[in-house]
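Labels run A, B, C and D following the written order; every chain starts at residue 1.
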Amino acid sequence: MLSSEVKIRVRYGETDRMGYLYYGNYPLYYEVGRTELLRKHGFAYKILEDSGILLPVADMKVEYYFPALYDEELTVKTSILKKPGVKIEFLYEIFNSENLLINKATTTLVFVKASDRKPCKPPKDFSDLVDRFF
Amino acid sequence: MLSSEVKIRVRYGETDRMGYLYYGNYPLYYEVGRTELLRKHGFAYKILEDSGILLPVADMKVEYYFPALYDEELTVKTSILKKPGVKIEFLYEIFNSENLLINKATTTLVFVKASDRKPCKPPKDFSDLVDRFF
Amino acid sequence: MLSSEVKIRVRYGETDRMGYLYYGNYPLYYEVGRTELLRKHGFAYKILEDSGILLPVADMKVEYYFPALYDEELTVKTSILKKPGVKIEFLYEIFNSENLLINKATTTLVFVKASDRKPCKPPKDFSDLVDRFF
Amino acid sequence: MLSSEVKIRVRYGETDRMGYLYYGNYPLYYEVGRTELLRKHGFAYKILEDSGILLPVADMKVEYYFPALYDEELTVKTSILKKPGVKIEFLYEIFNSENLLINKATTTLVFVKASDRKPCKPPKDFSDLVDRFF
């Protein structure tokens, strides 16, 4: 299993009228979570994309347990639970400043060629990297 | 069944580097969808909230089929499939300008009192309104 | 002078903890304002960009007079005050539902070639269109 | 003079179709800049707000010199140039990963009482803190 953690502080502009992190802003945090997970393991998402491969999101499931407050420093724990193929699945667990699990989500992303947007295998260096963990 | 449609045009600032509507911006469109569904049936979400009841999102499931492009006018069809109690579930179907279903999602929202954030029944005028449809 | 108006309703996700439209979300509304001004006069910004010309923003000046509230329908009046050259300047005036001027802004955008990001003249059909008004 | 620096990495969802940080997302970065400046000097904006004082933005001036790219780590340098009274003015200078100044902005914020939204003096502990620097 591959996993990593990143801290994200809730910005004022990301809250809503309820005073909470807007439910639609969590996907931004998941994006940071998976980007930093890849970076930590030596794989910049930007380089993947520059090499002609995109990773659009195919599905997302989110459970909101507790609100995240303005200025709170959250911990986003991101994991890859199983060996990726054409698809790659991420699990996100967000903990608030009191270490309470406030949000859990999964996303499935698909490797596609930028040229024709057809699904494809992940690049070899990515597979080599990831295979070590499964 | 209660349903309604609203048109939303994809803003430049809502696209990402891929040139598509960012996956994290769809929840904003779902919000517009359910707000307009309620408004169309005589129920302003703002008034609900001003009366001391909030409707936070408890879970969300999203399937992304095709990308939405910059400046495209999308149709968001929002439905309430079953009679709401403490929870209310919305279904969203987004069609692009060629009437292709590009995205489908559900969200569950919970009626809570603003004072103590405890779950509660929907207000009577809301129930009366909704009961006519189920 | 070229001008046009467009209605925009404030989304929940665009408000902040104060209950107001977040100060950083106004530029999204200006974008809608200038896009619709161009569209109304037969010129789709998307087509401009597809033809290899970009219009990045070079500067922006904003004055915030009164807050915009959640669910309020605002009127964004957008104008081009003087004949554009390499640069084009837009004026935005935002009125709330009581027709009070709540926000005023200007932005300067620059025509650049997508290929080398160098400033360039606007395309001929754009100049022809605009010249009729000055 | 009071100043401080904070690093912000450009998120995918903050870029636009041009591949750049969307011009409307810079104000979010200014917000982070001034929040961290205050925090560094022992003053949490959240506590200010919890004490019944808001700091809405009255005006903003932005100059965009160069684009900010996806995944780039930017440095936001925020300064308070003169002694604040009812108004407080911030200067923001954003440098890209090559230490090039890509964006400069100023914002004026006004201390107002949350109860009646009337302008007011800053709280005494804030003035005491700030006065040491001017």
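Things worth noting here:
Just so it is clear, a contact is a pair of C-beta atoms (placed from the backbone, for glycine too) under 8 Å apart; a residue touches a chain by one contact, two chains touch by 3 or more.
Just so it is clear, the model here is predicted, and its values are computed rather than measured.
Annotation: C-D is the more contact-rich of the chain pairs C-D and A-D, by number of C-beta pairs in contact.
Compared with chain A, the chain whose C-alpha mean position is the greatest distance off is C. Separation between the centroids of chain A and chain D, computed from CA atoms only, is 27 Å.
Averaged C-alpha coordinates put the centre of chain C at 24 Å from the centre of chain D. Counting partner chains per residue, chain C has residues 12-13, 17, 23-25, 27-28, 31, 70 touching two or more of them.
Taken together, the chain D residues at the contact with chain C in this complex read 17-18, 20, 23-28, 30-31, 49, 54, 56-64, 67.
By the touch criterion given at the top, residues 9, 11-14, 27-28, 31-32, 35, 44-46, 70-71 of chain B touch chain C in their complex. The touching residues of chain D, when paired with chain B in their complex, are 12-13, 15-17, 19, 22-25, 70.
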